[in-house]
Amino acid sequence: MKITDESKILKVLDDAIELTKNCNLGELAQYIPELAAQDPSQASIVVKLKNGKVLSSGNCQQSLFTLQSTSKLVVLIGMLEKFGIQKIYDWVMVEPSGDDFASVARLDQFGPRPSNPMLNSGAITLCSHIKGNSEEKIHWIEEWLEKLLNKKPHLNAKVFASERRTGDRNRALAYLLKSSNMIEGNVEWILETYFALCSFEVSPLDACYLPFLLANGGKNAAGEQVISLQTAIQTISIMATCGLYNESGTHLVKTGMPSKSGVSGYMIAVVPDVAGIVTFSPKVNPKGTSERGSLMLEHVSRELNWHFAI
Amino acid sequence: MKITDESKILKVLDDAIELTKNCNLGELAQYIPELAAQDPSQASIVVKLKNGKVLSSGNCQQSLFTLQSTSKLVVLIGMLEKFGIQKIYDWVMVEPSGDDFASVARLDQFGPRPSNPMLNSGAITLCSHIKGNSEEKIHWIEEWLEKLLNKKPHLNAKVFASERRTGDRNRALAYLLKSSNMIEGNVEWILETYFALCSFEVSPLDACYLPFLLANGGKNAAGEQVISLQTAIQTISIMATCGLYNESGTHLVKTGMPSKSGVSGYMIAVVPDVAGIVTFSPKVNPKGTSERGSLMLEHVSRELNWHFAI
Amino acid sequence: MKITDESKILKVLDDAIELTKNCNLGELAQYIPELAAQDPSQASIVVKLKNGKVLSSGNCQQSLFTLQSTSKLVVLIGMLEKFGIQKIYDWVMVEPSGDDFASVARLDQFGPRPSNPMLNSGAITLCSHIKGNSEEKIHWIEEWLEKLLNKKPHLNAKVFASERRTGDRNRALAYLLKSSNMIEGNVEWILETYFALCSFEVSPLDACYLPFLLANGGKNAAGEQVISLQTAIQTISIMATCGLYNESGTHLVKTGMPSKSGVSGYMIAVVPDVAGIVTFSPKVNPKGTSERGSLMLEHVSRELNWHFAI
Amino acid sequence: MKITDESKILKVLDDAIELTKNCNLGELAQYIPELAAQDPSQASIVVKLKNGKVLSSGNCQQSLFTLQSTSKLVVLIGMLEKFGIQKIYDWVMVEPSGDDFASVARLDQFGPRPSNPMLNSGAITLCSHIKGNSEEKIHWIEEWLEKLLNKKPHLNAKVFASERRTGDRNRALAYLLKSSNMIEGNVEWILETYFALCSFEVSPLDACYLPFLLANGGKNAAGEQVISLQTAIQTISIMATCGLYNESGTHLVKTGMPSKSGVSGYMIAVVPDVAGIVTFSPKVNPKGTSERGSLMLEHVSRELNWHFAI
């Protein structure tokens, strides 16, 4: 039985944070100065139960961090709500690719459709189908972020600038997609949108609203349907197989929690019908997953029987 | 809430069988005469609930069919029980590969370890670590089959002969694994074992004992632990991301049931903490998945809220 | 012995043109309207012997056609002259790739250096190392074209515009190269240069000056060294193994003439120490090689013993 | 002009040997003990001019070494003589692959036909089309070796045994070819033949008869046609683009001599219409090419103007 006793959960969260102190694995992401400069010692974990109650531990629940790849969920959810999954299938598959998150080779060999919307190529493709120019597309994302985080997030202008400056591989993906007519409209607008998408910043406390919604079948604590049940189910399923790129399989074995990683150190995880979880700790492995985040989720899963397969 | 009312379930199973009559997708597997000669109209579905109760519908629950790739689960479970997953990781990864079930290219480029134990290369690798010569290895498999099916299965000698005759791609995989020291011992013995593994036959009714065990945390209806909880959890997780090769992601979105397909037309699916399911219908898609089997699982998942993400 | 009798050569050229009338293979390149609108019946062949004598046959020696990929030779030669091959090796390999001329997968998997300078990725890389902004780079190319064609060529503005409009795959290659620091400077300038490079137009008669120079060890008819012997040797060698992308091997077996194809229908071929050859006929195969051009070179090679291996 | 003055040539050969003394690059092949135990200091070079005259230098012209991959030429020539190139094209392409000599991935992705007959997969394929069982196939090779070396060679039984013992990657290639019906008949017989093919041993002096025949248009010194001119031309052309696997391009730029390397340290090179060359020195680079052999050929090419492009 999945454990939902709050004092037990709190104890487990504190233990998880304690555990991270012995874990020194991973490195700060180096490709942009804003991530390279993060304080590596930070670690926090937030759980929001189905009943709306928030439990947390660690030292950075109030600070702001950029969502990076975790915000790919926002585009996916928004597009599922707008178009439904049958339409989405015209644009991306929902298959784990076995390759790197930014693999150009995979797209060239197995495309033209990106393997899934958690890959850079998949998220770029979805961004192309948001209506309008870059301002309008970014505005659409802001609105969805606000809906899914229950709070207006801010764009970190420095990170945004850095993403643009270092985004050549993403440009390669976008132009390859364009060359096979997989994306619509102006490539620069689409890339601008994608770089913005990575650059919104929120606190772990706020971020936890998103996985909570997913775990709760799309409903908020008042029981109102914020997103449809179908969208929640589909998003969780895609997280399960694709959320951590080519370590999604290992992560699911270990934690049993459909999750999405971000190179800033975020991890967003769902325990269906039980809780949403966010972890933050900035040292990541070569695949862009927070080492301490994985450790915490594994601990929580084991101690609370929160593995989906139980 | 997942529905467990038996009369409702029976109704849903009957409807699922009814649905298959309008589905004419897929082809009989052609690579061996025994599969090419199957009666394409057959369809059945069996559910074994956590309490041990069996419910079924369709016309072939008593007939025998070869397990084909679904028996890769048997080797995986046996080896997990014997060695534990840390040791298994030395031999195979547990990552969906994004490629074909018998891809040699993937193994050559991303190896030497096979991506996961549901691929031919992964199952061959595990077969190499079963102790003994081919007779001893096959005997080990028989014992595990008996344990996991609660019944002694039979080897279909014709299918076995056909698998050997047409098994050149599997031989290529085995020798490539051997060339990088990923498999141990005599290659011919290993291949013999692998071909035998595909050739055991059971009825859908009997086959359902295996996913029931997994759904029940490794315990039988009497509450005895047949396999460990850890093994059950790990197996279900691997099924979720790798069980249908490069359509595992789509299948999980649609059904939310960790499953394993076999080219004979079998599908073995798990609803954790609720039930094990077996479907059988022999017309398969190009990836080796039963078309009607998928349809039935999708129907059952939707009608009974058996999707894992709910 | 290689035949150099002029009347025999003329007869062979006329026969080659005659042969083309029975060859209806290939299609006009369709990706830009200027190529799709070419008169498919055109065919000509021009030979410029070591002694400077020009012999030709067919109906379009005076017309202008865009050089397309054949002008990759111009950048290669110019850069070899400026930097020498040791420096060039830092930027590109000189290995046939076995892949498509615009393969992104190959570059991603086997890079970061492009396999050879005859591929789009290789030519783009060399364009990046031409000094200056796009105007200066294009000016540099014009100067080299004038030197290697002994005539000032014109840029076809419509083709240039079409190349830019349809160049997304080349943009993908450029940004992928940029992401691994294989190209220097402003990507848009480099692409502008590359698109211009494809868009210069000359007559087959004028084009033949280039292979003549190569066949003559870099010297013009007056015996003056226009380019160095080393550059000529290296260029011919690269043409032999890489000039027709992934049909270079077959072409060398059949014709024994190191050649460079262009999607407009040009083929530039070298018979070392004997002659330079240009053929033009616009219907190309899927690899971008003129079908009739291949046929003519094969005929000439056989009838005049101009195969390098004799 | 290509230099053919014998005293000049002798001087150049002596200098080439002298040069090797400063070259310490490469390693002895380690995969079988017979190659790992070779004396690394050995170096010799033999030239056989069109007129039949033999010139040589170095210390091992009389010793016996296994031909390894250089004997792939023997199968290719024999099959070209028997079937003609049009038939050969049904079995293998003649395109440089850009990949490793034993790449399984390339064959799986770009097959089913092997890219060229200089790759292991290509040679195995040709071996399958030699008539008979393994004894008959090996006998056929012996006859061709005798014809092309003008001497009966011996099979080194230890090397043969070692090749069989370590040949798993070649087995993988053979079974993959079999699975796509690219090879005919019993796989074990074919592999036996292939392993034997690698294991014949000859002296550099004897080996030089083969490239001499090729350089001389298939004729021996008495002017008798031993193999057809067409076969000679085709073989030389294939050596030019494919003879050194994925460094064939670089080798052709540097030496201008179509060549074939062998992991024992042999290099067989052709200067069409001038001479055949054999070098031997056992330390090879990671691609299986003799480091000192390359150095000697480069020196000879430069000093004697023997580059094909001049």
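Odds and ends about this structure:
Letters are used for the chains, namely A, B, C and D, taken in the order the chains are written, and counting of residues starts over at 1 for each.
Keep in mind that, in the parts below, a contact is a pair of C-beta atoms (placed from the backbone, for glycine too) under 8 Å apart; a residue touches a chain by one contact, two chains touch by 3 or more.
Predicted model, so just to flag it, every value in this text is computed and none were measured.
Equivalent interface to B-D within the set A-C, C-D or A-B: A-C (over half of contact pairs identical by residue number).
When each chain is reduced to the average of its Cα atoms, B sits farthest from chain C. Distance between chain A and chain C, defined via averaged C-alpha coordinates, is recorded as 48 Å. Chain geometry summary: the mean Cα position of chain B and that of chain C are 55 Å apart. Chain C and chain D have centres, each the mean of its CA atoms, that are 31 Å apart. Residues of chain D found to touch two or more other chains are 106, 109. Here the touching chains pair up as A-B, A-C, B-D, C-D. Touching chain D in their complex are the following residues of chain C: 85, 93-99, 106, 110, 115-116, 217, 229, 232-234, 236-238, 240-242, 246-250, 252-253, 256, 258, 270, 272-273, 307-310. Only residues 103-109, 168-169, 171-176, 178-179, 187 of chain D touch chain B when the two sit together in their complex.
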